[in-house]
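Scrolling down, you'll hit the structures one after another.
Note that subunit A is present in both complexes that follow, paired respectively with subunit B and with subunit C.
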Partner chain A sequence: MAAQNNPQTCLDPVHEMSRRRVLGVLGGLAGFGSLLNPSVSRALEKKEKQVCLIWLDGGISQYESWHPRPGTRFAGPFRSIPTRVPGVHFSELMQHTARIADKISVIRTMETKDPNHSTGVPRIQRGDPIDRGVLYPYLGSAVSKLLGPADPALPPYIWIKPGNGGFIHREAGFLGARHGALALGDGRPPVHIHRPSGISAENDTARNALRKKANERFRANRGAAEIDAYETSYEMAERLMARKEIFDESTLSQKDKERYGSHPLGRHILQARQLLEAGVRFIKVNSYHWDTHGDNFNMSQRLVPQVDRPFAALVEDLDERGMLDNVLVVVMSEFGRTPNVNSRMGRDHWPDCWSLALAGCGIRQGAIIGETAKDGAWVDGTGYDIGDLFHTIFTVLGIDSKRARYEHKGQKLAIAHDKCKSIREVML
Partner chain B sequence: MKAPPLDIRKARVSAEFKHPSQLFRAKFSPCGKTIAAIGVDTAVHLWNIEDKTEKSFQAHKTWVSSICFSPAGNELYTADYHGVIHCWNYLARTGSKPRWSIPAADRNNVRALAVSGNGKFLFSAGDEGVVRTWDAANGKLLKELKGHTECIFSLAVHPDGEALVSGDLLGSIRRWEIPSWEEAGELDARVLHTRKDNFIADVGGVRSLAFSPDGKLLAAGGFRDAKSNAFCPGTPAVLVFDWSKGTSRSELRLKAKSDGPINGLCFLEDSTLAGYGEHLHSATELSFWDPAKQAPVHSLSGQSAYDLDLHPDGRRLLAPVYVSGGTSGNGARKRHREKYSPNETVLRIYDLFAETKKPEPVK
Partner chain C sequence: MMFLGMRTTSLLALTLFLAAPRLPAGDGQLTGIIDSHIARLSGGSLSSPSDDAEFFRRIHLDLAGIIPSAGETREFLADASPGKRTVLADRLLGSKDFSVHWADLLSVELLKRQNLGKVQPREWQAFLRRCLEKKPQWNRIVHTMIAATGTGPDRAAMKFLGTGGHHQMTRDIAMLFLGMDLECARCHDHPSVKTWEQADYWGLYAYLNWTRAATNSKDKKEYLVEVLGKSEIEYQSVFESVSDTTGPRLPGLPEKTVPELAKGEEFSSPAANGLPPVPIFLPRKELAADLTSPKNLAFARNSVNRFWARLMGRGIIHPLDQVHPGNAPSHPQLLEEMAGLFISRDYDLKWLLRSILLSDSYQRSSRLSGKSATASPESYRQALPRALTPEQLLHSVLRATGNLEKTRGLKADPTKKFDRKGYFTGTHQELPESYEEIRAVFIQTFGQPPGEPETEFAPGLNQSLFLMNDRLLLSWLQPVDNNLVQRLGAFKTPAEISENLYLEVLSRLPTEAETTDLGLYLEKNGERRTAALGELAWALINSTEFRLNH
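So, the complex of A and B:
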């Protein structure tokens, strides 16, 4: 996608493969860096703003989570349980989150436009800005650009996801590869963050110098985006080699592992806590397969608890550590699910009225935002677009979302949809 | 009056009962004059087949998940997603209260109910993976049958009254002796369960169980080879077991394209097996099989259905069939807000015999 903005970018798949391989191999040669004290992260000391975005890909059902609407024609079969906020109920599948509802806000009237995954996911994660002929960055890349790394020794944007890892530069859009995501496939740290014992520090330095020289030569004949991606990859690898303790699972207690859950999402959210503590600016945690067109109720019974437990645990832990004032946690999907139940006892895509949750970093505590129709199907009153959410997120991170601009090829570009605005009701 | 000869090739819809919300279980009463159905609302719905009058019972607080009649007497048992069982007199007037109730028959969803052939025992099973035996007369707990390691979807009582089977998510079918309640073995239906590394939930399970009238065959319905835990698309399948040997004899498939489980299964008196499929937003079929052959010997196209029951006369089938309310599928649908409505059901009775021509009026 980045190639649309830079016709000189090399799209040869061989080079793409080489990039990955080079990241793995040369990353292992970069050597130990500074000896930072890992126990106190720079970000925490400086009260830097940080973000953890928990992305439930496919669309969690609002009826089986944040907005059960018992006794109405579209309600599901699960119990509606009281929360720590008087008068507010969640689905019984959110029993852990119900206990910390007084620490979070839930927006129940997200009203977006795109009912499809293929277009909806990028549209939502880019904030659906006005089309100005450029490819906007995903939220993590945007925050990386606008705030920079919270700790210069760490990558600003880490994406924990099932499947493969690598450096995902396409998320950066027109910002350029430097603001891409370092993806940890299945939560694994990048390969070869230990310098092999057979390579001395001197040899390692010499190899890095050779690599940089080769890159300069390569850059002379090609577009900058790919080279930026390569170099950013190496820089990240070098930085991570110096901070490899942030991937050390042995520092996590058995009790915490049980609290967060042994399933991938639980493990990955616990890892996100570890990376937030270390000082990573923006962490996205992905879980796939929430697109419950079939067997929604059996699946929700098994899926929703997988986010309920670790989300509640994360908010509790951040609060206990005094981090919740500066760390924003967001739980969301690209849309919700239909009020109607289909022929496979599933729920389909529903952008018309759906829910998400926010916590920390100047987000109100115990607030339920938005009025829906009695049956939960439609927004009654104010609906919020994804652009409104982007303004809100930027605002609580201390960014003036109405005035800040990206600069791209001489063009000044709004960082969020010009016609949207922050959701004041959700902010302190 | 002598019943007409069974002829599945002449099967046809003979009666329909429409309902404005989705129903996923439907049964004939033992007297054959009433049908009862439950689904996504809290009511138990009953229709008189002859005069088509409708009545309902209210006591459940959530979706009603399973239903069965006692083969002896006028008891109707219903259970729900919150673990509650109610016993009703199905002949009672609309609005009548349950005779008795069990408030916590399971931690959550009671997914299956069955009654022993003599009407003495009520069996329930669900999310806890425990089969519970109750005194069918008063709801007193008699025995808990433990052995499953996952939730149980289905139950069936052998025609000789001496065995009960329960099928779970993992494809384990367990045999229990009545009335010793000893576990008497396990049948392997694991093909009906799918777990893959990239799934975040197990998919499938033994969704339906049925014995042949002579008790020699047990059929287990579900779907195999699920491709994801999201759409949960798979290949509908029925496994037929030799009951005396406990071994699988054959695997049956639908002919029409379908992607969901076979939730409705029943044997006819000649051991023809009938089953109904599910399909996302498309038609599927009611199929009839020779249990020894994979492909159906006859099929009728129709929208998805979630249950299948044989009338006591052996000549009629009942299925709760999905009807789109016209606004199904993905949003955004704000402009259709006024028209947006729940999907519906038609309870369809299929006659399984040749239609007799009415005599020409005498001129």
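So, the complex of A and C:
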């Protein structure tokens, strides 16, 4: 019966009326209290900032993607190819992205601390803030907390991943379960979003009318917040069910499916586009098995095109739809891979100098950030830590990352590492 | 018309009850104290007493963890004897259902649905049930858990301490038994609660840091042992560079002196079977005694506050883990007197619960009285609604739909594997077939994730989607095996159907308006009568009235 986490941020009041009783639980409802306030709905007419994080779990090799070094001691068998940006080359495995290099930024000098997956993945996705004895939220939960839903009928944080889905709370950290993700396992929404075939739409409406009537009667002379909270959870369920077509892959054109690719990552990035268009605030797309300790080159040859093609298609599509001004796309891993090739033709973990890509939402176009030394093995000068990236992401989303605070059990907590700062070079 | 008659009878019974002879001296003392304090500080009109049906449902959910059956409700409503509420409270407090349900409640509170340590959940539940039978003394139960080593008949009690992680034990004990959420105080004095100092955290920690989990090489079982260590702990604030030290100390009490024993004389028994020698001075055992001692008023105060909140929907100090001077109790005198009497009654848990249950304050209606549109919850002017726990909800849905006995008996088929994750994503089509799996499905949907306390009612989208569309739940509304919907189908008139439906699901008689509406719905759906009956039952199962203990 101990009180539960009731974190509150000190940000825009628009997003702060939600919380606590009126709606809670599992990302699905984070911030939905705003529903009750018509002025907030008007706010949502505005162009909301959105994020698509493409997470390549295990660590994509920078040499076989963003930062090829052909002709050096660390080179692999692949050529480098010119891109749309004069003087900038990518690996030949990135031919589609090379075409749109003028729309994105690449940071080639990420320098982080943790060479292990088990600790590195959470450390990176939490932004590695100063340890204050609490478990920080992953980026998606953080953004869903800080900005709330972009469309009040939709969960703010959706995670598309291979394997199982459901309401996954563990990424929310101290923000509490309600700021977790609605996960689409293999791209599928939770089964309970579907009305069983035996119940027609008409009968569903009729049974819900009975339910509402019963609630109306129960409400007489009772003013409890519990009643509001419970009714609102049904309203949300009805709204999401009414919009379940946003999860329906069959509405996507065959041409798009070909452009994005038929492998899971391609399908899931296409699905992310669909959800961005529908108004979901934050979407993470996970791809696994990028950990190429053995046979790095064959694996990269197979894997890298799987992100190259749909990432390029996504950026093109967002640009064409005029959405790139407000949607941030991030492609990254928990670290890069070693310059040295090991005895199994693999590359091991390398947090000391690695690359990632950003696009949209106030990110410069066609910029390559950071100089490397020793054939790409080390950062030349000062690298960027993950805290710097978090400040950058929050900043382009319109959050004052230096001043905004979470409030947790009476403590005010910085939302990103206190000693880090935005990477100005990558921002417009 | 029948409904009106019943209500008059129950009101009459209630009047008689209120005028009933006083309870034996001493037993009713706290009950009177509660009511006088609540009335004194009410700040407005108190709600009228609950009617018999409202009371009957509430006390069943609170003590037995399930709504009453329609038959039991009918019988209680018809019973005209004046002391029937007291008789009922005593019967339920002595029932097996009570120890089963309260073992669930305590387990969720203590372990937060984590499977800690190596003791099997089944043994742990059995331990808690044993504790709750007959005359449970709360200080003894807590003492047993904190001093647990894994030896003797209460071996399972060690599950509370898990694998003996020092920080986890410190946090949990401070929160559960002192109402202090000291998480922040591990690294510095609490930023907003002035009285919670880093020294409080480390003083408690100093009682616990000799504890280790160790395996006996002979019987291969795990035990929680204490290994001779330092008598003082050194700690440092993250904000300052000076360190400080403390020995074992409870917040607000003096530091304990760890006896300095001569070398060779520190142990009561030597190392054996891979277990270390047993020190004569055992700090954790000392903690169990110091914490639960009558001298530690904070323990008694926190205990009554938590049990009160269980039955009344809110702590006198609220939130429950914010027990400090900056968070004033709503009824300070009541809390002090209740804590004092609890100590003088040897921490008799059932006495405490009974005293609350028999009060007018517990037995008030959840409707506000007269014209008042709102009443602050801390006034307790009306009964506060509480969400059903996942277990209460499952059992109540099963009983309401007439599937309880059948479902409770369902055993897992070892040749089949139910893929729960797949069930929620739609890749596993088969419904769960065993009671254990069905229970797990409900806990996953309606409970908090392991490690998070279940306190606030925060109904989620996933819960509503489940109640609307879950195939298993909907299958319980198909007319089979003489369940609710099948039985309703046998009645002819809307009045009969309505009376039975409302008694079975909402544990009360319907109003005339409700019966009229039901009749209209059936008339409109005359050609699909069975489906319509299922929809009527579904609507009540999904109603706020059902979802809350009100």
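Rule of thumb we're sticking to: the second predicted complex is superposed on the first by the 339 of 428 C-alpha atoms of A that agree within 3 Å, B and C clash if a C-alpha of one lies under 4 Å from a C-alpha of the other, contacts with A are read in each partner's own complex, and residues count from 1 in each chain.
Just so it is clear, contacts are C-beta pairs under 8 Å (C-beta built on N, C-alpha and C of every residue); 3 or more make two chains touch, one makes a residue touch a chain.
This is a predicted model, so every value here is computed, not measured.
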Which of subunit B and subunit C A:F218 touches, first, second, both or neither: second
First (subunit B), second (subunit C), both or neither touched by A:G410: second
First (subunit B), second (subunit C), both or neither touched by A:E334: neither
First (subunit B), second (subunit C), both or neither touched by A:L265: first
First, second, both or neither for A:D317, with subunit B first and subunit C second: neither
Partner chain in contact with A:A377 - subunit B first, subunit C second, else both or neither: first
Which superposed partner A:D295 touches (first subunit B, second subunit C, both, neither): first
Superposition-derived comparison: subunit B or subunit C, residues of subunit A touched: C
Overlapping contact positions on subunit A, where the subunit C interface meets the subunit B interface: none
Touching residues (chain side subunit A, partner subunit B) in the complex: 58, 70, 73-74, 76-79, 111-116, 162-163, 263-265, 287-295, 298-299, 301-303, 306, 335, 338-346, 348-352, 377-378
Touching residues on subunit B, where the partner in the complex is subunit A: 21-22, 24, 40-41, 62-63, 65, 80-82, 108-109, 127, 198-203, 228-233, 259-260, 278-282, 303-304, 306, 322, 324-325, 327-334, 337, 340, 342-343
Subunit C residues touching subunit A - in the complex, by the definition given at the top: 109, 175-176, 181, 183-184, 186-187, 190-193, 306, 309-310, 319-322, 366-369, 373-375, 384-387, 421-427, 448-449, 452-466, 468-471, 474, 511, 513-514, 517, 521, 525, 531, 535-536, 538-540, 542-545, 547-548, 550
Residues of subunit A defined as touching subunit C within the complex: 1-5, 20-21, 23-26, 28-29, 132-134, 155, 164-167, 169-170, 176-178, 185-186, 188, 190-196, 198-199, 203, 206-208, 210-211, 213-215, 217-224, 226-227, 229-234, 236-237, 240-241, 409-412
